Structure formats: structure tokens, C-alpha cells
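Chain nomenclature is as follows: A, B, C and D, assigned in order of appearance, with residue numbering initiated at 1 for each chain independently.
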Amino acid sequence: MKKMIIGVMGPGTGAKAQDLENAYELGRLIAERGWVLLTGGRNVGVMDAASRGAKAANGLTIGILPTSDKTGISPAVDIPIITDLGNARNNINVLSSDVVVACGMGAGTASEIALALKSDKKVILLTDDREAKAFFSQLSPNHVMLSNSPEAAIGLISPGS
Amino acid sequence: MKKMIIGVMGPGTGAKAQDLENAYELGRLIAERGWVLLTGGRNVGVMDAASRGAKAANGLTIGILPTSDKTGISPAVDIPIITDLGNARNNINVLSSDVVVACGMGAGTASEIALALKSDKKVILLTDDREAKAFFSQLSPNHVMLSNSPEAAIGLISPGS
Amino acid sequence: MKKMIIGVMGPGTGAKAQDLENAYELGRLIAERGWVLLTGGRNVGVMDAASRGAKAANGLTIGILPTSDKTGISPAVDIPIITDLGNARNNINVLSSDVVVACGMGAGTASEIALALKSDKKVILLTDDREAKAFFSQLSPNHVMLSNSPEAAIGLISPGS
Amino acid sequence: MKKMIIGVMGPGTGAKAQDLENAYELGRLIAERGWVLLTGGRNVGVMDAASRGAKAANGLTIGILPTSDKTGISPAVDIPIITDLGNARNNINVLSSDVVVACGMGAGTASEIALALKSDKKVILLTDDREAKAFFSQLSPNHVMLSNSPEAAIGLISPGS
């Protein structure tokens, strides 16, 4: 059986300190459970922190890059997928993830959540952004779940794990 | 000088009666001002209603289709662009529009708004969805504008027109 | 009925003088017949020459740009479609064209011909590249046609016109 | 250091028996050298055979799927990347590969070779198609190499290995 792929999406340069801490811990916990981590692959923000967390626990990390080569890739990405699609690659991020965890908030992250919901993917929000939680929860009540910590988010991915 | 291209984005099969009415009127007003209308091109919902409105005023209509051929295209689309990109085509919709008007709300529409904001496009919301208005206004206060009618939305595109 | 869209594909900076002359004439003849011209939209090579030819005959020109904004667009493009997809936009070029004319040869042009054939599109070659003609003719004998002049190419699009 | 990613591209349902045999052996040899195999991910033709060969030697296999879900995926793919891009995903195949090996020939394969050459990737042809070899060799003499067997192709990837 193929391993579960968990996508962790969140801001790049605009990430807050708490988002980075959460992303690192999400990456670590995902790797510990034997799952594969998928991110947007760049060397900034939530993508980079989650990938570093996963590598700290010997996980496998995939990065779906928006660029035409490996410029700006996180050193913690094992498998770089080079798309040259700009933000259109956000749809690949979510389609390739069995579950999406949104860690923090921004325009790019909001696009990934919305694209995930459009394709009926399960999305777990880990953010203190009230308006985001209110909006996405009513947009797709059956697919959006809220969490307050990386541990809680992981618990929502697979309750029994 | 190239003509202004105005993107009208909104739900397909999930559009409400009010959204359809607004979309038709938006299309009509856009065409009257000599602008080009761009939509997602399908024969349902806001895309179709806006395109029909524009044709009623002899406008030019572009449809950016997610499919691999013209199946399901709105008969009111003059210029079909066939992308075969699924929802990734949403990024083309917003990049190709000088201004984006979101008419109604849904997951696909939310992705288009978020992608537009990610690329610093001006987005005008025409919806009664309070959570959407609260979320996007705080996400990008300098690029999001609210309107209560098609006429108000058109006025925000180009105040003097 | 929607107007026919004819795609003219060919080298950018690597185009030969003869390719540019042919492209200009193709654009002119396409516009004269009332068809819409579609190209890759940039201000170089075959794309630019064909678009200028079409505008000289008051045609309508669409440009499918690989970039994220209008930088580098041909001034002869009426309808710019901004894809930010790099060379992946080549698939949109051919899917959106009812018939593809390849004017000259290069790696990008070869990719467009091959993608067109993969989608069972009719492709007309206007080039003196013997190896290209031999290769594509045997790859897809039912979809590839050879021409020796812009007039001959136009004749192959629609024999009776 | 990241592992080398070798892309093996070739026909799906149209693959010949010799292509399938070569693809299986290419996959096996790639895995034996500790490289990662990347293919178009479907359960037919060269993609499937190469992935099975790599798994037989305990390699890691990536599949870049054109579809919107895992329908039709090769069971020998470890890491499915779901693009929903149709043939536009061919550009991701080649951009994500450090070296491309074309095993057999067809319209899709030709598009991948051409896209690879457009991005200055090294392409190794393993095919008995004379016209293909003549065309691509003159199109890009510095990036195209010819081989007569899987072993020879592997030798061209990394002469000292």
C-alpha cells in the first residue's frame, strides 16, 4: 500500500513565529507516523519549517516548486517536483495530498484551502485567524476541521494513530 | 491601446438566482462600456449568465475552459480558450483579467479571489456572504472592495466611466 | 457560430527571415478569411510577425503568454491570455486552435506539433526542415500535412475558401 | 545531496514489446545505481514497465499523473503526483528529471523530448525510429544522445557509474 501523503501549506515570507514552530512540529509528527510530507518546496516560511521538522525525524519530503529550476528550494526537500507553473502549482499541492493541513494564513494558503475544498479534500486549519476559520467552516462544513495545536491536527488526520 | 478585460467569477451549478441576475447585469454593463468579458466559460451559473449579458449588449466574451475540448461551453462565449487544466485554470482566469469581480461565493470562486490577491489584482466582491467579505477584506485590505449591486461594482472598476 | 481559430506556431528569437515573411503572410491571409489568429503572444519571431500580419488585415489576434504579466507581449496582440505556465502553455496553444500551422522549426515548435498530434489536431507544416517533415509525417500520417507557401497552407486549412 | 532523478518517457498503450523490455531494464538499472525513477505514472506501457523494473530492484518511483485522482495509476508507483493537467504535465516530467531517457516513440514522447530540449535538458534516445533520431539529433545536437540498449543509455547518464 502506498504511504499517506500529508500536505502542509502555509505562508512563505509572511509566516509568523508561531506558524513556523507549528509547521516544524507538524513535519516532525508526520514523519514519526511514517507518512510522507508534501509542501510547496521553497526555502522560506511554513514549507521550509515543515520540511526541516520531517527530516529531523527521518521522514521523506516532497516539494512541489512553482519555479522552472531548483533555485530557492528548501534544503530539507528530498524529492523536488519542478512545475514552472507559478501559483497554478497550488492545485497540484492539494490534489497530491491525502489530507491538507493549513498552518497559518495568507492569500496563497487561502487559495490552497479553497482548491482543496473544490476537490472534496479534507482540510485541517491550524491558525488563530478567526475570519478564516469562520469563512472556510461555513463554505464546506463537511470537509473543514479546526485544530489548536500540531498534535491536535495530527489526531484529526487519523484518529486512531 | 488594448481593451480592458474584466473577469467575472462565480459559482457554476451552485449559483443562486440573485447571483445569476447580478452576473447577467454585470456582463451587460461591461459590454456597454466597451470592455471585454472573461469568465470560466462553462454553460452554467455565473459564467454563463455573465456571458449572455455581455452578448445582449454586443460585447466580446472570452471563456477559459477547464476541459480538453469545447464540451460544456457556454453558447455565449466568443473566444474559447481550451486549457485542459482543471481548476488550475483558475489562475489563468485571474491573471488575464485587469480587474476581477466575484459574483456569489463557492470553493472555486474563493480560490479565484485568493489567487487574484496573491498576484495583487484588484478584486470586487458582489455577494451577501458576510464571512467571505470579512475574511477577504482583512486578508488583503488594499485590493478587496465591496459592492452591493452590479452598478456599484462597475463604478468601482473605473470610477469615472 | 464561433469563428475558426487558427494557431500559428514557430520559433521566437531563432526564427529565420523566411519564417518571419511566411508568418506575416499567414497572419494576413487568416485575417482576410475572417478567422481568428492565435499565437504564443510574445514580441519576437513567428508569433509577432503573424500577429502583425493579421492586424494589417484588421484581424483579431489572441496571444497565449507563458509569463505572469504582459511583459514582452507583442503590440499586435488584441487579447492577451496570461498563463504563467512557461512552456506548459504550449498545450493550451494547440488545444485552443482548430488547426495548427507550424511555420519554421525549433524545440518549442516541435513540442507544439507533438502536443497537437497527441490531441488529434490537424497540423500543417510550413518549413524547409526535411528531418522535421519526415519525422512528423510518419509519426501521424493522418494529421500532418505539408505546404510550401502561406497560400498553400491556407488552402489546406479549408480547401474551398 | 539530493538523489539523481532519471525520467523514463515512452508510449503508453502504443508501446512495442521491445520498448517494454527496455523500459523494465532501464528501471531496474536506475534503481540499482541508487537513482530515483520518474515517469508519467500510468499503469500502461513504458511508464508501467519502467516502474516495475525499478521496484524489482527496490528503487523509489515517482509518477506524475495527468489525471485528477489515482485512477489508472501504476501499482509500481511509490509517490503519485496528481496534476490534473492532461498533457501539460509532460513539461513537469522533464523539468523534474535530471536526465530524460526516451524509450520508444509516439506523439506524447516526442512532446516530452522537445520540451526537455527547450529547457536544455540532456535527452537519451533508446529507439529504433530512424526519423526520430535524425530529427532530434539535428534539432539539438548538444543535448541529444543515441543509445542502442538500456545498459548503453545508463552509461550515457553517468559515464563513470
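In the analysis below, a contact is a pair of C-beta atoms (placed from the backbone, for glycine too) under 8 Å apart; a residue touches a chain by one contact, two chains touch by 3 or more.
Just so you know, these numbers come straight off a predicted model, no measurement behind them.
Engineer: Pick out the pair in A-D, B-D or C-D whose interface repeats that of B-C, meaning over half of the contact pairs match by residue number.
Structural biologist: Of the listed pairs A-D, B-D or C-D, the one copying the B-C interface is A-D.
Engineer: For the interfaces A-B and A-C, which has the higher count of C-beta pairs in contact?
Structural biologist: Of the two interfaces, A-B and A-C, more C-beta pairs touch across A-B.
Engineer: Could you please state the distance in Å, as a whole number, between where the Cα atoms of subunit A are centred and where those of subunit B are centred?
Structural biologist: About 28 Å, centre to centre.
Engineer: Using CA atom averages as chain centres, what separation in Å is found between subunit A and subunit C?
Structural biologist: Computed value for the inter-centroid distance: 40 Å.
Engineer: So which bits of subunit C are touching at least two other chains?
Structural biologist: Expected reply: 68, 84-88, 91-92, 119.
Engineer: How about subunit D: which of its residues touch subunit A in the complex?
Structural biologist: Its residues touching subunit A are 2-3, 5, 36, 62, 64, 68-69, 77-85, 91-92, 95-96, 119.
Engineer: Under the touch definition given earlier, write down the residues of subunit A that touch subunit C in their complex.
Structural biologist: 68, 84-88
Engineer: So in the complex, which bits of subunit D are touching subunit C?
Structural biologist: It is residues 85-88, 90-92, 105-108, 110-111, 114-115, 117-119, 131-132, 134-135, 138-140 of subunit D that touch subunit C.
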